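Below is one structure, written out as C-alpha cells; the observations come after it.
So that you can tell them apart, the chains are marked A, B, C, D and E in the order they are listed, and the count of residues begins at 1 in each.
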C-alpha cells in the first residue's frame, strides 16, 4: 500500500500514512503554531475539548477547581509516563508550563499565570487577574506537557502521547511508532507516518495514487473524482471558524446601520456554500457555530437584493443613473480580501457582482497580510476575514479580540458601550452557564447591529481509505488527529 | 591533371560574381591566379572545397582526380579537405580559433588526420613552425598574441603539415617582409619539388609570379581574361588588362628615385 | 617642422622580452615616413602605441608639441581627429554587423562640425559615401554590403577611405595595400600622395613592399627585433652603406 | 529562374511566420467582435448557478468557477496581460541593456561597482521586492510591474555585459576609438548590433515568464486585483480545478503560449535581420 | 597574491555589509509586523496594549539604524539571530533547508543540461528545420506554462497513474526526480533558444570555415570550436538565474513537499520573520557573489584575450 516512505516495513506491520496540509520546521510543542506534536499524538495537554458536548474535559489532568477565577488547583492523572520512561508528576508539569510561558510570549499573554506551585500530583496556579477561561486556555496545544529536561525539544519532543517520535524531517514528515506504555491503552498501530504537503491538488493525487491513507483537506474540487475511487471516504465537519464580512464602522456610509443591513442582505449565503464550498460548510447567521452551547438561536433573517435596496432606501439612498446615490454621491465600497484563504476572494467577487446589480460600486483590493493592513489603513469599508470564534470551546477569545475596543482584531473599530460592558462582565464571570448567557447576549447584540456580517462556517474535509483506516474522527477544533483509537483493517 | 575547373559560376541572389570560369591545373603546377581586387579569385578558390558562404550558389563542376568536388557529399568532401586539398586563407587571422593556442591548432590537425603519438605531433608542429621561421615559443601563444606576419606564416605551416596534393594559397605573403616572404616561398617551392604537389597561388605580386609560377591566369570582373604558360602571358600578353597589369607592376630599380617623387620634385 | 616626435618608446607584453625598445624618431609635417622591417619586429605594436590604444611602458610621444603619453582617453579626444589609422588586418577592422556605408562615415560624422576639409566635400550622406568609395576605386554598389561580402582588397580600401575621409594631419598606415592588385595599388598610392602634397598630410607608412615604399615615402626606417636599425632618405634605399639587414631586404625583394 | 526560386523559398518561411501571426491577430479581432457585439457578456458578472459550464454557443469556452464567461474574460484579460507584461519587459530591457553596455565597455571601477549592484539585486528574492514595493506603494498591478522591472533588468544588463566584454577587445572597436567616437556612440552604434540578437531571444521568452510571475504574485495577493481577468491570475484561479475541469487552466495557458509564440517568432525575425550572415554553412 | 586575496575579501565584506544594510531597511520598510505572528492572534486573544508592549520589547519602536546596529553587533559575533516563528537559530534553519534546495537546483540543472544543450545545438545546426521548430515549441511551452501545472501533470502521470515515482517528500534519488524534471524543463526553455542564437553567431565565424578547410569533422568543429565560443551568454544567464532559481523553487517545493529553503523564505516573508529573511539574504548574497565571480572567471577562460588584457592593465 504505502509506497513512499516505509522502507523497513514488514508485511504484518500496521501502518498508517497521514498527509497534513501544513508543514513545519520545528516541533517545539510550546512554540510551533502548527501544533504538529499534539496532532501527531506525541504530546498531550492537561485538558482537552470534548467534541461532542463542547466542554472541557480531563486529559492529563483528572480534575480541577478554581471558583474565584484566580486560584486554581489541578489534580494530575497518576501513572502517566513520558516516552523516555520518566514519570509525569506535578514537578514535571510545572517546569513544562513554565517553559511554555517563557518560550512563548503568546502563551504568557494567554495564560496570565503568576505563580505555579507543585506538590506530588497537584498543581496550584495563581493567575495575575480573574481569568475564568483559564482551564479552557489549557486546551491550547502550545501548553502541551513535555519532559523539558530532554536536550533536543525542537526536533524530538518527549511527550506522553500514544506515539513516540522516531525521526523528524523538518518540512517534510515525521515517523512515529507506538508508545507501548501509553496510559490510555497502547494503540493497535505499529507505526504512523505524518507528512506534510501544502498543495491541495498534490494531496488529492497522493491519496489517489495510494501513497497515503488519510488526507487532510484535499482539494474540494477533486472530491468528486476521489469519491469515484473504490474505498475512498470523504468526511466533512463544520469548524469553529466563521468567514465574515468585517465592516469598518468608522466609514461614513457604514455608520448607518441600514447600510450595514443592506450589505448583509446582499450576501447570498446558501448559494456561496453550495457553489464555492460545494456544500462543505454551513451558512452562518451569527459568529458561533449553532451547535455551540452559547450560540443564540436566530429567527430566520431575510436576504436578497430587494431587501438590500429597501434598507438602502431607508438610509436615504436612491437609484440614479444605475447607481445608488445619496445627496448626489454614489455609494462606493472598498472591499478587502486576501488569498491565504482561497474562498475569501471568491466570496468578495460574488459580493461585488451582486452589489453591482443593485447599483453599488464595489472595488476589491487584495492584500497579503490582512491583520496588519486593516489595523494600519482605514481606507476600506468591508473586509472578508476568517475568524476562529471558539477555538477552545469558549467565546471569550473571539468577543474580546473582535468587539472589545482594545481587542487586537477589532478591525471594525467597534466601540459600543453596551457590548463592551457585556464583554467586560464576561471576563469576570466564572460560571459556565452564566458565561454562555453573556456570550449569547453579545452575539445577539452583534447580530442586531450588524457590526459584522457572517457568511459561513467552513468545514474541514478529510478523505481516507475506508477499506484500511478505522476509527478516524475529524474534530472541529482540528487539534486531535492521531489518537490511540486509530486502527487499520488488516485485510 | 589534378584539378579541372569547368565552367564554374558563382552567384548570389542579385548577381553573378564568377562567370563560367574554366581552368586546369596539372600535377606539379604552380598555378598563379592574378587579377583585379574583387574579381572573384578568393571565391573561385573557395568553391573548390565547397567552402563558399552559404548564401552563394555555385554551378559547374570541379574535377579533382576524376571526382566532381561540387557533387560530393559533405562527408566525402571532408575526407579530401586537409589531406588532399589544403587551404591558406587570405584572412590569416580568421583562420585561427581565437581561444585556442597556435599549438593546439597544429596538434588537433595532426590528431584528426591520424597522428596518434603526442610527442611526434609536437615535434612535427615545431618543425613546421621553424620551417617558416617561427620560434618554438609561438606554439604556446594565442593567435592574438602574434603579429600579422607571424600568423600568416603559422597558417602556411599549418596547411603544409600533411603534404597535400593541392595547396590553395590565397595571398599568403601580404604580411611578410621580403626576407621572410622569400624564405617561405623557397620552402614552398622545395616542398613542391619533394612532394610534387600542385599549388593554386593567388597573388598580386608579379615578382613571385615571375620567380615561381609556371602557369598563369588573369582574372577580371569574374572572368578569366587570359591564361596560359608563364612565358606566354608575361612576355606576350594578349589582353589589354593583362598588359596594363604587367606595366603597372612597381619595380625597385637601383639608384632611381620613384616616379611619384620625381613628379613632385619637378 | 616636426609633427610627431617619439622618444625612447618601449613596450613589453605581459610576459617576455621587450617588443619595442627605445624607439626614437621624428616625423615632419607633410612627410611620408616609411617603416619597413622584419615580420614580428614590432611595427604594428609601435603603431598601436602611438595611437595610445596600447599601454606603453616608457617613452614620450608628442604631436605638434603636446605630449600624448600621459593623457587619458578623454583628454586624447581632441587629438584623435588629427591622427587616423589603417590597421593591418582589414577583416578585423570593420564591424561585421555594420554596412559599409555606416562604418565609412564614422570619423566624419564625429568631427563634422570641427572639420575644415579641402579635398572632400560632404553634400549628403549617400554622396559622401560614394565619393569616398570612388576615391579608392571601389564601385559605389558596395555601400550597401556587409564587410563579409567584400573581397580582401575591397575591405582594405574601405579602411583607407575611412582614414582619409577627414583629412587628418597624420595617418598611420599599417600595410594598407598588401591585398591590392598592382593597378588598384598604384591608384591608391597616387591618391595618398596627392592628398599629402595638396593638403600637407603626413604618413607613417608601414609596409613590406619596398617598391611601394620607394614610390611614396621620403624617408625610410628599418626595424628589426624591436629596434630601429636604420634610417635614411628614400634616395638612399639602394645605397651601399646601408645596414646589413636593409641590404638583405632589398636583395630578396 | 534559379534566383527567383531562391527568393521564394527564403520568403516562404517568413510568409508562414507572418501568416501565423496574422491568423492570430485576425482570430483575436473576430473574437473580440463576437464577444462584445454578439455575446455581450459582462466579464465580471458572477452567476453561481451557472458555474463551470462547458462549451456552448452561449459560452464558447464555458464559464469559470464563479459562472463568468471565460471567453469574454480571456479577451478582456489579454489587453491587460499583454500590455502590462510588455511594459515590464520593455522597461527592464531598456534599463538593463544600456547599463550592461556601459559596464562592459567601461570596465574597471564602473564595471565592478555595477557588478556588485547587480549581485545585490540578485540576492533579493523577487517576492521580497514585490512585497516591499507593493506594501509601500499600495497593492496594484502597476506597482507589481515596478517590482518585476527591478528584478528583471539585471538579467539583461548581465547578458549584454558579457557580450560587450569580448566584443570590446576587437580591432574595429579600437578603430572606432581612434575615430574619435565617444564611448556612448561606440556603444550605440558598434556594440548594440552585437547584442540585440541575444536580448531579443531572451526577451521574447521572458514575456511568458513575466506573465507567470504576475500569476505567482497573484497567488500571494500581490498581483492583479481579483475580478480583473488577467491571464496569470486566471491561470492561478483555475488551479483548484486541475482535476475536475482542466480546460479552465488550459485556456489562459494556451493564450499565454500563443502570445509568447508570436513574440518569439517576431523576436527571431528581428534577430535574423541583425544576423547579417543569415545562413550557416552545413 | 596575498594582496589580491585580501582585497577581494574586503570587497566581499563590504558588499555583504551593504547588502545586509539595504535589506534590513528594505524589509522593515514594508508594512507588516511579526508581532501579530508571534502572538498568534489567529488563535489567542490579545489586546492592543499587549501588541504594543511586545513591539516595544522587541525593539521595533527604536530607530531603524539602531536596530541595524544591534543586528550588526550580533552578526559580527556570528550570531544571526533566531527565527520569530520557530525560535530556532536562523543559520541552523537555513543550513538545514539549503541542501534540499541545492539538490533540487542541481537536479534541475542536470535536466537543463541534458535538454537544452542537445536541443539548442540541434536547433542551431538545423536552423529552420523541423527540429528547430520543435525546439521552439518546447521552449515556448516551457516559458509559458506554469511549473505548478507541469508538476501536477507529472504527479498525475508518473505517480498517480503509472505509480512509478513518489510524488512527495525528500527520500533519496527517487523523490528528487519529478521535481527536478519539472523545474529543469521550466528553466531549459531560455537556454535552448539562447544557445541556438549564440551558436548561430559562432557557426558563422571565419574560423569555423577554416576548421572545415582543415578537414575537421563537423562534430569536432561544433564542440571544440563553435560551442565554446557561444557559451558566454548562456553562462551569464545561468549565473543570473541561479539566484532566482534557488529562491524561486518555492512552487516546486510546495507541490512536491520538498523541504527546501525557498518555501522557508516565502513563509518567512509572509510572517515578516526578519531574522530569517536577513539570514537568507546574507546566504544568497554569498552564493550570488561566488557564482557570478565564477561566471566572470569563466569569461576569461572562454576568451583568453580578456584574461591577458586584464593582467596587463593591472600591472
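What we mean here is this: a contact is a pair of C-beta atoms (placed from the backbone, for glycine too) under 8 Å apart; a residue touches a chain by one contact, two chains touch by 3 or more.
It should be emphasised that the depicted structure is a prediction, and the values quoted were computed from it without experimental measurement.
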item: Contact clusters after notional removal of chain A; value: one piece
item: Chain whose averaged C-alpha position falls nearest the assembly-wide average; value: E
item: Pair sharing more residue contacts (C-beta pairs) when C-D is set against A-E; value: A-E
item: Relative to chain B, chain with the most remote C-alpha centre; value: A
item: Chain B and chain D: spacing of chain centres that average the CA atoms, whole Å; value: 50
item: Mean-CA-position distance for chain C and chain B (Å); value: 26
item: CA centroid of chain A to CA centroid of chain D, Å; value: 42
item: Centre-to-centre distance between chain B and chain A (centres being mean Cα positions), rounded to whole Å; value: 87
item: Multi-chain contact sites of chain D, meaning residues that touch two or more partners; value: 131, 135, 220, 239, 242-243, 277, 279-282
item: Multi-partner residues of chain A (at least 2 other chains); value: 201, 205, 340, 368
item: Residue list for chain B, restricted to those that touch at least two other chains; value: 51, 53, 74, 91, 94, 145
item: Contact footprint of chain D on chain C as seen in their complex; value: 48, 51, 53, 73, 77, 80-81, 83-85, 87, 89, 92-98, 102-103, 106-107, 110-111, 146, 148, 159, 162
item: Footprint of chain B on chain E - complex, ascending; value: 205-207, 209-218, 220, 224-225, 228-229, 302-305, 308
item: Residues of chain B defined as touching chain C within the complex; value: 34-43, 53, 90-94, 137, 145-150, 152-153, 171, 174-182, 204, 206-207, 244-245, 248-252, 254-255, 257-261, 264
item: Contact footprint of chain C on chain D as seen in their complex; value: 170-182, 185, 189-190, 193-194, 274, 276-277
item: Residues of chain E that touch chain A when the two form their complex; value: 31-33, 36, 38-51, 54, 57, 85-88, 93, 96-97, 100, 148, 151-152, 155-156, 159-161, 163, 166-171, 175, 254-260, 263-264, 270, 272
